[in-house]
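Structures are listed in the sections that come next.
Common to both upcoming complexes is chain A, partnered first by chain B, then by chain C.
And now, the complex of A and B:
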């Protein structure tokens, strides 16, 4: 009972600290930029609904799924545990009567609702602003957004457990490696979370008018397997983070 | 503890009573800020990891220049490599902009390196309260700001200007005479000019953002939004609306166009027309960043 109460206290504290951090208003800036783009572009005014859906889907694929979703996960996923490592306040967590595994879980479950709130919330706003193509897009792309958000959050928690400057590692992964690996031919792109997310989005969008990509450059993964892969990344990364965090002697506790 | 043990003493005065004369004295403080900043950064393993990623591009260009100048490649392959990397096999070809292409392609890694540096070399001074210690010495606000900016420009040059100059040297050394260097001597001032634009603009923007946001995660969010998101939105708006000026939303595009002013080479006539506007955008935003930075750097922070 005492452990559960300590877990809840840490979860609430971490959630509050993440929510009221400077990262939250800063994350609103790219979302506002996207809103301004959608208002200017006005996809709903298009005469050709199929073409409008395709164009709006391309925006969601290249901007939302490839940039905003990893950015939201980076802002909250690395700031939870990574923030304590950077601020050298890990010791204050370790001296509490709470196993290390539960500390990690409290941090993870504090970040996850914020990541999901920002990604799903911004998808909803974007789809509302896009008008008719947006209504079909929200239902089609919501599952992929949820899967990607959970996978990225777990992965960035693993980065936070592994390296001290996890935000930089996450930035290199999200901005550099995923772009590099996700767009090369062959099976090397299967190490990128974004590849599975885009595969799900292509599968969901084709029936509404999204043109399938050139198979030479992007061969979508089967949707059921992509969902399994994203679950495996999410759970595997979280378990790996737990194993690392449970046993590692951190050099920078204070 | 004696005051000398704390190294807290003024700069040595000259016979006229001035603090080390007009060029020394407190201006040595600028060098001290630069040295401290660079050392603070270079002792981090993460910095060297990013540097390793950044230098991989240099290795690719090094190998390409070696292959172009030393190997007997089939003409089709050679032409393809020249087109891809922007180099010319002729000694005095005005289209020889491979060095500019190299500096442009370093943009992502420079962005990541600066996101890391911003929190460490500027943000931490505010977050951990180091700034009053800097300014309690014989340093003024301008010395502190100048020292930090010079250090950031130096870091940017390590990723862009220095490798580009080494590539230029390499190209000339692999030829049979000094004709390549003499025919293309303008490449050196062009690289330095573009490097100066790149360094000053990025250092000012980063220092201003880091002084206000301080922590790594929000700096990374804002920095990557500026340099990745705006580029994608600008490109899409330009393509879908047919209004070419939208590409100027992208700071990298503005920097590239301003940089090509130094080289005098543009990919299209449209690029040449936009370059002056791009330069003005950079100047205006940099001035705003400088004013914001000056306002933020204070020895004592007064809170309501």
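And now, the complex of A and C:
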């Protein structure tokens, strides 16, 4: 009972600190920029609904899945644990009787609703603004968004457990692995989380009018395998973060 | 008086990669106030981190009562006031202490009651609504102390607790620590302000190069140093006669006369005091005051450190 109460206290503390962190207004900037773009582009006004769906889907694939989802996960995924490491407040948690594994889980489950809230929330807003193509797109792309959000959040928690300045490390990862390697032709892109997410999005979007990608440029992973890969990344990264955090000494010699 | 809990280090060695932080340390810290003395890099912060379960010993074992220091059971018995000046800056002092207390699993009402008591004991009850980022260093130190005692620990670790606190505040904190020690609490204070440790602590532990060099009361430590040179001031209206007599003693190395005072240095304090008694009786010397000038903690620590290097 005491441990459960302590866990809830830490969860609430972490959630509140993340929500009121600088990450929240910083994330609103690209979301507002996307909203302005969508209002100006007005996909719903198109005479060709299939073409409108394709165009809107390409916006979601290139901007939302490749950039905004990792950015949301990065903002909250690294800040939960990484913020305490950088501010040196982690020691106040370590001297409490809460096991280290639970400290990590409290941080993870505090970040996850915020990441999901921002990714799913922004997807919903974008789809609403897109009109008719957006209604089909929300249902089609929601599962991929959820999978990617969870996988990225786990991955960035692993970064925070491993590296002191995890936000910088995660940014470098996001730029090099997700944006650069995730978009090169061939199988190299399999190192990027968003490759699996975009594979799911292509699979879900084709029946609504999304053109299948050029196989030379982007060969989608089979949807069942992509889901498995995203689950494996989410669970594997979280377990690895948990193991690292439980055993690692976050102290420098004095 | 509550049940007492010991802090025990058993053959503890801690490596930081190839660097050795503490080396085969065995130490029992019981109820009362124990001072941990050592220069920078001596290993006292490592000992504090090992005791608070933040570090795991490479060899040996650290226990709080019967529990391994890294266990949750040990952490329930332990209060820790770190030397790090880090907080959740956006919180008020009260919010911080209350949140830290709730992390022990107390209900909100119980945590609030404990927070209020801890803030009152540390003299912060009337200033606890200030945001921590606007608090002075002394106020932050008191808040750190409050979060360390709010859950009624049996072992209290204080890393440089008096830094930044004004003299009046130091007296208050010292009184609080003495009251806690009188209640059977085991208090371990690390400080580089030796004069404060001397006033506060029942026992001293001297750490040099990652090893425990000496431990005991200040008097016991001083007795270890009978062979060390000692500076003595003797006040007498016959200061010149006194100087002439003591300078003839074989172990006297230095004598200065200033008005009615003779300041001298001897290599063998016990022999000097024995000889001085004989000289006073033989020459009917009037001695108004006799004091050792360097038997405080600073001098003891200095002697011990010099003898270790």
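Keep in mind that, in the parts below, the second predicted complex is superposed on the first by the 251 of 254 C-alpha atoms of A that agree within 3 Å, B and C clash if a C-alpha of one lies under 4 Å from a C-alpha of the other, contacts with A are read in each partner's own complex, and residues count from 1 in each chain.
Everything that follows uses one rule, which is that a residue touches a chain if its C-beta (ideal position, glycine included) is under 8 Å from a C-beta of that chain, and two chains touch if they have at least 3 such contacts.
As the structure is a computational prediction, the values presented were derived from the model and not from experiment.
*Asks:* Quick check on the superposition: with chain A as the shared anchor, is it clash or fit for chain B versus chain C?
*Replies:* fit
*Asks:* Once the structures are superposed on A, label A:211 by its partner contacts, choosing first (chain B), second (chain C), both or neither.
*Replies:* neither
*Asks:* With the two complexes superposed on chain A, say which partner A:228 touches: chain B (first), chain C (second), both, or neither.
*Replies:* Neither partner.
*Asks:* Which partner does A:26 contact after superposing on A: first (chain B), second (chain C), both, neither?
*Replies:* Once the two structures are laid over each other on A, A:26 reaches chain B alone.
*Asks:* Examine A:75 and indicate which partner it touches, taking first as chain B and second as chain C; both and neither are also allowed.
*Replies:* In the superposition, A:75 contacts chain B only.
*Asks:* Which partner, once the models are overlaid, touches more of chain A's residues, chain C or chain B?
*Replies:* Touching more residues of chain A than the other partner does is B.
*Asks:* A:55 in the overlay: touching chain B, chain C, both, or neither? Say first, second, both or neither.
*Replies:* Once the two structures are laid over each other on A, A:55 reaches chain B alone.
*Asks:* Contact-wise, after the overlay, does A:40 reach chain B, chain C, both or neither (first, second, both, neither)?
*Replies:* In the superposed model, A:40 contacts chain B only, not chain C.
*Asks:* Check the superposed model and tell me the shortest C-alpha distance between chain B and chain C, rounded to whole Å.
*Replies:* Taking the overlay as described at the top, chain B lies 9 Å from chain C at its nearest C-alpha.
*Asks:* What part of chain A is in contact with chain C in the complex they form?
*Replies:* Chain A residues touching chain C: 1-6, 9-10, 13, 17, 20, 87-89, 91-99, 249-251, 253-254.
*Asks:* For chain A, which residues are in contact with chain B within the complex?
*Replies:* 21-23, 26-27, 29-30, 33-34, 37, 40-41, 55, 58-59, 62-63, 67-68, 71, 74-75, 78-79, 82-83, 86, 163-165, 167-168, 171-172, 175-176, 179
*Asks:* Flag every residue of chain C that touches chain A in the complex, lowest number first.
*Replies:* 16, 19, 21, 40-41, 45-46, 49, 52-56, 72-73, 75-76, 78, 80, 82, 84, 86-88, 90, 99-100, 102-107, 147
*Asks:* Once bound in the complex, which stretches of chain B touch chain A?
*Replies:* It is residues 44, 46, 50, 53, 108-109, 111-112, 115-116, 213-218, 220-222, 224-225, 228-230, 232-233, 236-237, 240-241 of chain B that touch chain A.
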